[in-house]
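These are the structures, in structure tokens.
Shared between the two complexes below is chain A, which has chain B as its partner in the first and chain C in the second.
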Partner chain A sequence: MNAVVRRYSDDFEAARVWDVRRMWGREQNADLINLQYSERAIPVLVFSSDELRIVADAPVKVTLHTEDGMTFANCDRLHVYASGESESEAISDLHSQVIYFYKHYSQLSADEVIGQAADLRNTYLSRFQVSP
Partner chain B sequence: MAVGNDAEIYPNSPLVDVICEVKFPGEMQVECDRHTFWNQIRDTYPTILVPKVTNGQAIALQHYRLRSADKKRTVSIALNSLAFSETPPYSGHTSFLEEFVRLAKIFQDCYPGLNKVNRIGWRYINVIPFSKGAGPVPVSDFLKVSVALPTNLFESAQTFDARFESKTDEGTVITRLAIIGKNVSQTDDDIRPAGDLAILLDIDYVIEKEDLKFRHLESHLQRARKNGREIFEELITDNYRKYLRGDTL
Partner chain C sequence: MVFKFGDVRRSLKKKGFVEITNGHHVYLHHKLEGKLTGPQTRVSHGKDSHDIGPAIVSQMVKQLNLSNKKEVEDLVTCPMSAEVYVEKLQKAGVIPTPNKR
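Moving on, here comes the complex of A and B:
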């Protein structure tokens, strides 16, 4: 699961008060905004570029993390590792790569690939469909 | 696709907090003899978190919080309230409920004057991360929520914050649906969440009836939990449920 944890107050630091009755007063948005993600993962179902739009038959789990000012968007199962200067750039790069690999494996016949490439071809061709 | 049964624990659960609270008519003994209760549970909840003075709020109505050594579980007590919460990974409702019923029993033994309950609430706070790129918030990828606004104003929303307070046969359900982010971007006339965006889905199922009794607490809590979970299950899309179950590429 996404490791989402609250920023804990130190022991004996004043407690944040929440009142179940008054939802607005109980937790300020700032409390919720301060949720910290040690790993942020998002599901992506549709991948699109200017020329093609493909839909997966199950959500693709994409993990996101930022390092040295760069954002990385990865999907190990599809062997896609994208990056960008912002999250939207990284996601855009991820879309392009998935589309690229889908087109690439679509052009290869089964006897042209072996090992991991054969697995990937099978995944791309059996789990994705072109969508209008 | 089968809707998740109400005991299923999702490996990719979006839960960030589970809270239940029992409110009762103010009982002075709870305020004056906090140590009586704490002495009974201090082995499990050794850390005390005290409330800070908040402008305009009565101190007696603010919770003292007693936290477990691993910081996962917290018991909160005030003049008119007993609450229990757990942060992820959620141990599941069976263990959570068992512990709260145990605590409530100890609480009632410590303060025998308690009998009547005003209100029982069970709250699930979910944070659903997403990436919207340059487009609108992809709510329909996750939730079966639709707001009928002209010219697709809801579908093209960049951010929103909505709260619904709905009557039920036995109380109220408060549902909050909002976009939250790790940061806030601020311009001269606009403040909006930014960075690590997520959909907040906060479901608070409340039972408020005249004849609620402490001794029937467990069955009321079971009902509140089950109904809150059902609302969650009805709200999420089948594809998002697949993701929660770990059925992903």
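Moving on, here comes the complex of A and C:
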């Protein structure tokens, strides 16, 4: 079912709307119909909270889905998994978490991280810039 | 099995996770030999007695780099030891195996 979303698997890529509803009429099948209602992906370039605003060098893929009455906003590339009672709450939570992780990894030196944490530190430091 | 946010905090701290407080939330980050490895999860202050629903457990599967909800339950409710969790992270490529570090 996730194949349609995963087709755009480069999580940092040129601005593009991944909303599967745009495919409606072209690729109608059960999986796609389910996907339309269960999961869609959007590009996000700017992440901000009350304290900080950071900009990625290319849009980051964020997937949205609803489960058990909650909305989830996930970004696998940044290893951030957010939730809320509405889509706007989930996206707001995602922004707050990305800011948290940006600050978190910015404060760590290379010898304080290994494996995935080292990759994430490199991603946050090399692909985001603080914006006024 | 249903478990609570408080169970997550207590259990993960025994399995190599450290707490970092950020506003109303507490992040639990996995550490191995003094270094952060990447897996983490988050709980809210004051919600220790709240049950964790299946959808949140699904999120925890991804946050903790596990394969399924049963593994999250095993990690939180104790059958999965800290050592077994590290082995799973190594097999998943999340952290390097000892001879590659």
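Things worth noting here:
As a convention for this text, the second predicted complex is superposed on the first by the 94 of 132 C-alpha atoms of A that agree within 3 Å, B and C clash if a C-alpha of one lies under 4 Å from a C-alpha of the other, contacts with A are read in each partner's own complex, and residues count from 1 in each chain.
In this text, a residue touches a chain if its C-beta (ideal position, glycine included) is under 8 Å from a C-beta of that chain, and two chains touch if they have at least 3 such contacts.
Keep in mind that what you see is a predicted model, and the values were worked out from it rather than measured.
Legend: residue contacts after superposition of the two complexes on their common chain; A:R77 is shown touching chain B, with no touch to chain C.
By the touch criterion defined above, A:L64 lies against chain B but remains apart from chain C after alignment on the C-alpha atoms of chain A. In the superposition on chain A, the chain among chain B and chain C reaching more residues of chain A is B. Shared-chain residue A:R53: touches no atom of chain B or chain C.
Using the contact criterion defined above for the overlaid structures, shared-chain residue A:S92 touches chain B, although it does not reach chain C.
Contact with chain C, but none with chain B, is seen for A:I114 once the two complexes are overlaid on the shared chain. Note for the complex: chain B touches chain A at residues 10-14, 16-17, 19, 21, 23, 47-52, 54, 57, 61-65, 71, 76, 83, 87-89, 119, 121, 123, 127, 129-134, 141-142, 163, 174, 176, 178, 180-184, 193, 195-196, 198, 200, 202, 204, 206, 239-240, 242-243, 247-249.
Interface residues of chain A, counted against chain B in their complex, comprise 1-6, 8-9, 11-15, 17-21, 23-24, 29, 32-37, 40-45, 56, 58-62, 64, 73, 75, 77-78, 87-88, 91-92, 123, 127. For chain C in complex with chain A, the residues that touch the partner chain are 20, 22, 27, 32, 34-40, 42, 53-56, 58-59, 62-63, 65, 89, 93-96, 101.
Of all residues in chain A, only 67-68, 70, 72, 74, 76, 79, 81, 83, 97, 100, 104, 108, 111-117, 119-120 touch chain C in the complex they form.
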